[in-house]
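Got a structure for you, written out below as structure tokens; questions coming shortly.
To keep things simple, chains are lettered A, B and C as they appear, and every chain counts its residues starting from 1.
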Amino acid sequence: MDKPILVFQTDFTYKEGAVCAMYGVVKSVDRSLEIFDGTHEIPHFDIWSASYRLNQSMRFWPKGTIFVSVVDPGVGTSRRACVAKTCDGYIVVTPDNGTLTHVKAHAGIQEVREIDETRNRLKTTEGTHIFHGRDLFGYCAAKLASGIITYEEVGPGYPVDEIVVHPILQPKLSHNRAEGIFEINDPNFGNLWTNLPAKAFMECGFALGDMVDMTIRHGDKVVHHEKALFAQSFGYVNKGETVIYTNELMNIGVATCMGSFCETWHVDYGSDWTVTFQK
Amino acid sequence: MDKPILVFQTDFTYKEGAVCAMYGVVKSVDRSLEIFDGTHEIPHFDIWSASYRLNQSMRFWPKGTIFVSVVDPGVGTSRRACVAKTCDGYIVVTPDNGTLTHVKAHAGIQEVREIDETRNRLKTTEGTHIFHGRDLFGYCAAKLASGIITYEEVGPGYPVDEIVVHPILQPKLSHNRAEGIFEINDPNFGNLWTNLPAKAFMECGFALGDMVDMTIRHGDKVVHHEKALFAQSFGYVNKGETVIYTNELMNIGVATCMGSFCETWHVDYGSDWTVTFQK
Amino acid sequence: MDKPILVFQTDFTYKEGAVCAMYGVVKSVDRSLEIFDGTHEIPHFDIWSASYRLNQSMRFWPKGTIFVSVVDPGVGTSRRACVAKTCDGYIVVTPDNGTLTHVKAHAGIQEVREIDETRNRLKTTEGTHIFHGRDLFGYCAAKLASGIITYEEVGPGYPVDEIVVHPILQPKLSHNRAEGIFEINDPNFGNLWTNLPAKAFMECGFALGDMVDMTIRHGDKVVHHEKALFAQSFGYVNKGETVIYTNELMNIGVATCMGSFCETWHVDYGSDWTVTFQK
């Protein structure tokens, strides 16, 4: 049987040699392991984004794939380093600092173990405590993928309930009305993604082709209001116009056709950015 | 026989989870497929650049390599999704929106088929229409590379003449004089690349070592004029000086030694940026 | 036996098709070769950074790995193109322009050969002299990794003493006092890395938990002075505070917790940026 693929996501960027050293460690453990960049451009220290991105792409990989997520502002402190098994058959190697929030809420976590540093830490770099991506997470994930250690040999298990999670807000849905938050952005195209599932949104009464009244608030202040088309894709409106659409995760998103909604309207994401749709 | 390599180019960047999800789909179709990043930093919606970059690197890959190019402002609208076979033995999977312009003009297109979405679209994400890189192009390319479908099973063929292409301007050449456009830039080093083949340029009478009179116009307005050396490489002039050289595609380029010509002289590329060389 | 892995580092970025073409050449030489991105974001023409990054990650890769480093402002001029064997069992393919500085000083160079362009240059692109990453270094490295040529067939050897190196400054150490330079930065997180080995630093009398008096000078001018904690990791101080720590190469580094020290205090690296620690 093939050894699991390793997919890495970090906030390291490719600007210097960190990713290179980390991958070198993996290939030194087992030359035959296959490595993919998830992304190394998670915003610095942004655990929420790390958690969201993990959940965004995990389901598309073969079962058994091992994800190594290192957004780790607490590196070298007492936060746990862990390896989690999801209920749908994936493995996540990560600091237990909130990175498992979305995966726990959506796929569910079946079991979690704390990495035993005495056995699963790279020996040659003892004396430095600031690069666990290379010295602990990448190294331990490689041993696991390679079959050098079993899941049980990662370290002692602990209750799934103790996993650090951040609150996920639920949308408010009623007839012809849906209120949610912008949960995350698409930092490339400048779209914003709500926490409203498209299915629930349509059950409220919204349908493709509707012109929808949209109000965006930052805290209590209205920062944007317009009527926009709910359509299948961006090209159903003209360049520069707003479109409400079903995004790649089947949630409702808001975009500017061939432009950046975030930049155009100075809108950001987080629990204080609410959006109300009214028919 | 080895399965073809898949080379991806998009305007997605690596800022979030899109590339990761797209590659996960490929590996879920067939774990043994080999994937390379062409680039994910094509400027947003810039079909011209996508077309140019495809042509720039394709010839250096093994015959049979499958290129997946997704710069797709019309995603989810009526533009065709296609798979083209080039006359020199490569495959391109792309929206038919102009991305095939340079490859058609240089290598030539032998045959083209429209992707049949009823058979070659990922089933699990039906309901979203905005991420064909993951749901259609990457998935269909993986099936093709894997041998799960034949080229004929991609979908119905259509005439090569119907492929959407953008106009490619031809240079004007005469004795001791050559006029062309800046067809594209090197966005990294800030060099500009003309549409003048080095061979034709030298047949006009220009030779290495010549000081060449160069005039750059934006529309009718002269924006830069200087005498610059035509040399083998950048290091033949001093830091900060202009050099005219033969670029990696054997066309004439213009650069600033250890600097950015684009930024220094506020020059850009496109059909309205003409450059005249006079001996 | 497995063929060596190829690890590339350049200043090309992924913004256009250069890396793609270079990797295509490698796979055309031998489909079975395995390629990794070291980084393609070395600052433009910054040979010092190239040299530092090479040394930073090399030791973590399997013995025999071939590193191709192309930061090459002198491309197409008379600088040598070389293949060096390190004393600890790695190969470096690079312009001999200073890129070997740190590897030579730390691991040591056992043997070096100049690439014979008449035999080990890509034939199809003769006529262009500005892209040796694709046409010479990548191509020659691929032939070497593949076993098509032996190390001796790279070209003629030359004395290791002739390798171009840049000066590496040594720190000044005494009881309760250590003076060095900021040798490089972490351009991602904004940390600065000194040339002071942590071991030597501690032998001067500094210990974890000490508040250390730190003075930073640019030339003769003091640009920053504060007392900061010497700690295991960033999380031992509060957000925004300075921490002195042992970095991933076991040298002393300076960081701002969850911030950028470089940007906060307008400090940079190089031989004119000195830092003095006093207990």
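Following the convention adopted for this analysis, contacts are C-beta pairs under 8 Å (C-beta built on N, C-alpha and C of every residue); 3 or more make two chains touch, one makes a residue touch a chain.
Just so it is clear, the structure is predicted and the values come from calculations on it, not from any experiment.
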### Summary
The chains touching both chain A and chain B are C
### Task
Using only the C-alpha atoms, find the rotation that maps chain A onto chain C and quote its angle between 0 and 180 degrees, to the nearest 5.
120
### Query
Same residues or different residues: which describes how chain B and chain C meet, taking over half shared numbers as same?
different
### Task
Could you grab the centroid distance between chain B and chain C? Build each centroid from C-alpha atoms only and quote it in angstrom.
31
### Query
Can you list the residues of chain B that touch 2 or more other chains?
none
### Task
Going by the contact rule at the top, pick out the chain A residues touching chain B in the complex.
2, 5, 7, 9, 36-41, 53-54, 56-62, 65, 186-189, 198, 232-236, 245-250, 253, 258
### Message
Under the definition above, what is the set of chain C residues touching chain B in their complex?
### Response
11-25, 27-28, 31, 35, 44-45, 73-77, 125, 127-131, 134
